[in-house]
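Next come two complexes, and both contain subunit A; in the first it sits with subunit B, in the second with subunit C.
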Partner chain A sequence: MIISVASGKGGTGKTTVALAFALSIENSQIIDCDVEEPNIHLFLKPEIKKEIPVTAVIPEVQKEKCSFCGYCSQICAYNALSVIKIDNSGDVLLFPHLCHGCEGCIVLCPERAMTRGEREIGKVKIGYSDGFEFIEGRLNISEVLAPKVIEKAKSYVKPEKISIIDAPPGTSCPTVAAIRGSDFCVLVTEPTPFGLHDLELAYEVTKTLNVRAGVIINKSDEDSLIEAFCRERGIPILLKIPFSRKIAKAYSMGIPLVKEISEYKEDFRRILEKIK
Partner chain B sequence: MKQILVISGKGGTGKTFFTGCLSVILKNKVIVDSDVDAANLHLLLHPEVKESHPFTGGKFAEIDITKCSHCNLCREICKFNAIDENFNIDRTSCEGCTICSYVCPQNAVILKERISGQYFISETKYGPLIHAKLGIAEENSGKLVTKLREIAKEVAKEKGLEHIIIDGPPGIGCPVMASMTAVDVIVAITEPTLSGVHDLSRVIDLAGYFQIPLKVVINKYDLNPEITLKIEKKLKELQIELIGKIPFSEDILSSVKKGIPFLEYSNSKELKEEIEKIADKILS
Partner chain C sequence: MKICVTSQGKDLNSEIDSRFGRCSYFIFYDTDTMEYEVVENPWKEASGGAGIQAAQLVVSKGVKYVITGKLGPNAENVVTAAGISVINKSGKISEILKEIKKSL
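Right, the complex of A and B next:
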């Protein structure tokens, strides 16, 4: 079973909730798919056993075969290739950060002058902490293909386990890549207009992907706006976690919620049963 | 013209709150919300939309099933696994590379313009706001950010405005990079948590990659004074300027809840002065 934890707005408590699940239930693994800013490791301090590079395909030009006809540059939808022709020679310039790795240029080059090259865009780390498995995707600085790193991290999902996915904030491609294929998505929000606005967007993402969803209200206080929204859309509210300086302080030092206040474990086990 | 970008790496550290403050303090500016996935600045600045435009970012493919011979070539060639066994293309997976249209022997692929969002040119009592709404589960957030920034520049030129303030997205990925290119200064808002510090360090690396000067504000600094001290030490080592510290404040939280920029909401003279000082240091 795969449970993803998402939010739309950043800083609402995704990581807190994902960790609380993984640490409360039996037979879990946790997958940090916030590959731009992975934070789970700060709380688990796992022992890393394996590091797998994530690569993207880029074209490599064999200049001796290339006729500098410019076709690759014409068909590239991402403007990642530029061809300069000077008399019978020339050059093919690749802008690797614009390349999506569709391999169109490799397949369609009339001279078959392009081959598959690889470029590292991130890493997946696998380790253990407290006996359960930790997996992290991490995008390299200045890279953009976050979904590729997320998919690689998710390739380590073990179907016999309960996999908890910590998704990135937002509603676009990285968030979609993280939530896609989940059995359930827990949306973490906070009772502010920002929280509500972004909860609506995140809920739309789960609907687009056909993933069931429920809400956890973090920093819970005066929640009527969020409650009204959930009632109207028929989304279950799974839990409320009030704001407290104690929780904020523990979070700041990398102490998971359920280690600071172990009573919450019961809540997360109960939510899991409900989701099942 | 000076472009100021507010980012944080980690979400929820106070970017939008702080941009709201800058919107009140700085005169003669255009404001941009480049967190196009989950834009929030309009909830503080209450814009009146003057112009609304569809944003077409690239293409997406559809298959005309009446022409399709089920040869499977498109499915074999698609690197994004966007085409299912019934030759339906999943719009959220298709990245618009268009290569299927070149290999299809039946010419059954139809390429459509992808309307992936909307962007708005608005007026607020603080100045023009350029903002957008990316469609749910859409691509091309980076291109949309670039578009917003182009418009902001035009508006600034046309009206003779001196500053562009950009409220950036969380993370370090494509919309962040699109927000960052060619700005004059980056203000990174962090918080004294291990996550905040970790994410700040990735933002610092990215700013270094683009060689753009970066200044730091520590928000909610009193939630963990020890970590705040560590951040201060680290910034000194890296020769990065710390331009201010803002305490955790119920007042700030209430201003956000009420949807009013903090400087117009609060009576706390001390906090307001601190924030005004920070704004001075951004420009110096």
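Right, the complex of A and C next:
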């Protein structure tokens, strides 16, 4: 079973909730899919056993075959190629950080002068902490292909386990890549107009992906905004975590919620049963 | 000799556009005939790689110098590979051209 933890707005408590789930239930694994800023390792301090490189395809030019016609540069949707023709010679310049690895240039080169090359865009790390499995996707600095790293991290989902996915914030490609294929998506929000606005967007994503969703209100205080929205759309409110200095302080010191206040374990086990 | 100037407008009375890849117009000026061609920049609103495409256009026109405010690192790679020199300037194009022609 795969449970993803997402939110439109950043800083609502995805990592808090994802960790609380993973630490409360039996037979779990946690997958940090916030590949642009993975932070679960700060709380679990896992021992990393394996590092798997994530690669993307890039074109490699065989200059002796190239006629410098410039077709690859014309068709590249991301402007990642530049062809310079000077007299009868020239040069093909690739800007790897702009390349999305679609292979269009390789397939369509009239001279068949391009071959498939690879470059590393990130890593997946696998480790253990207190006996349960930790997986982290990490995108290299200045790279943009977050979904590729997320998909690679998710390839280590074990069907016999309960996999908790910590999704990146937002509603764009990386978030979609993280939520897609989940059995359930927990949307974490906060009771502010910003929280509501982005919850609406995130909920639309789960609907489009055909993933069931429920809401956890973090920093719970005066929640009528969120409650009204959930009632109207028929979304269950799974839990409320109060706005508390104690919880914030523990988080800031790298202590997961259920280690600081162990009573929450029961809540998360109950939510799991409800989701099932 | 051909020179490319990034321009805010369509003629030599315009100001130099300080951006290269996302300038409004490219003016290709021939110092021998004193004629020029204006090309509207199709990559002004491109989501990425504007400088690369713009640089490739400039190279294809066979210019020796580019006069602009600032060239990004990607565009710089392309024009340098083609042996084009970059002159960083701001101000009115007709005056800059006068000044440049004296020094070249």
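The rule is short, and it goes like this: the second predicted complex is superposed on the first by the 276 of 276 C-alpha atoms of A that agree within 3 Å, B and C clash if a C-alpha of one lies under 4 Å from a C-alpha of the other, contacts with A are read in each partner's own complex, and residues count from 1 in each chain.
Following the convention adopted for this analysis, a contact is a pair of C-beta atoms (placed from the backbone, for glycine too) under 8 Å apart; a residue touches a chain by one contact, two chains touch by 3 or more.
Quantities reported herein were computed from a predicted structural model and do not represent experimental measurements.
Undergrad: Looking at the overlay, does A:N210 come into contact with subunit B only (first), subunit C only (second), both, or neither?
TA: Touch status of A:N210: no partner.
Undergrad: Between subunit B (first) and subunit C (second), which does A:F95 come into contact with in this model arrangement: first, second, both, or neither?
TA: The second partner, subunit C, only.
Undergrad: Check the contacts made with subunit A and report whether subunit B or subunit C touches more of its residues.
TA: Subunit A has more residues touched by B than by the other partner.
Undergrad: For A:K85, is the partner it touches subunit B (first), subunit C (second), both, or none of the two (neither)?
TA: Touch status of A:K85: second partner only.
Undergrad: With both complexes superposed on chain A, which partner does A:S224 reach: first (subunit B), second (subunit C), both or neither?
TA: Neither: A:S224 stays clear of subunit B and subunit C.
Undergrad: For A:G11, is the partner it touches subunit B (first), subunit C (second), both, or none of the two (neither)?
TA: The first partner, subunit B, only.
Undergrad: Quick check on the output: what are the common subunit A residues between the subunit B footprint and the subunit C footprint?
TA: In subunit A, residues 78 are touched by subunit B and also by subunit C.
Undergrad: Using the touch definition from the top, list the residues of subunit A that touch subunit B in their complex.
TA: On the subunit A side, the touching residues are 8-12, 15, 34, 36-37, 39, 42-43, 57, 75, 77-78, 100-104, 107-108, 139, 141-144, 146, 168-176, 180, 191-194, 197-198, 201, 204-205, 208-209, 222, 245, 248-249, 251-254.
Undergrad: If you look only at subunit B, which of its residues touch subunit A in the complex?
TA: Result: residues 9-13, 16, 36-38, 40, 43, 58-59, 77, 79-80, 92, 95-99, 102-103, 134, 136-139, 141-142, 169-177, 191-196, 198-199, 202, 205-206, 209, 223-224, 227, 253, 256-257, 259 of subunit B touch subunit A.
Undergrad: Subunit C touches which residues of subunit A in the complex?
TA: The touching residues are 70, 73, 76, 78-86, 91, 93, 95, 98.
Undergrad: Write out the stretch or stretches of subunit C touching subunit A in their complex.
TA: Listed in rising order, the residues are 43, 46, 48-50, 52-53, 55-56, 59-60, 74, 77-78, 81-83.
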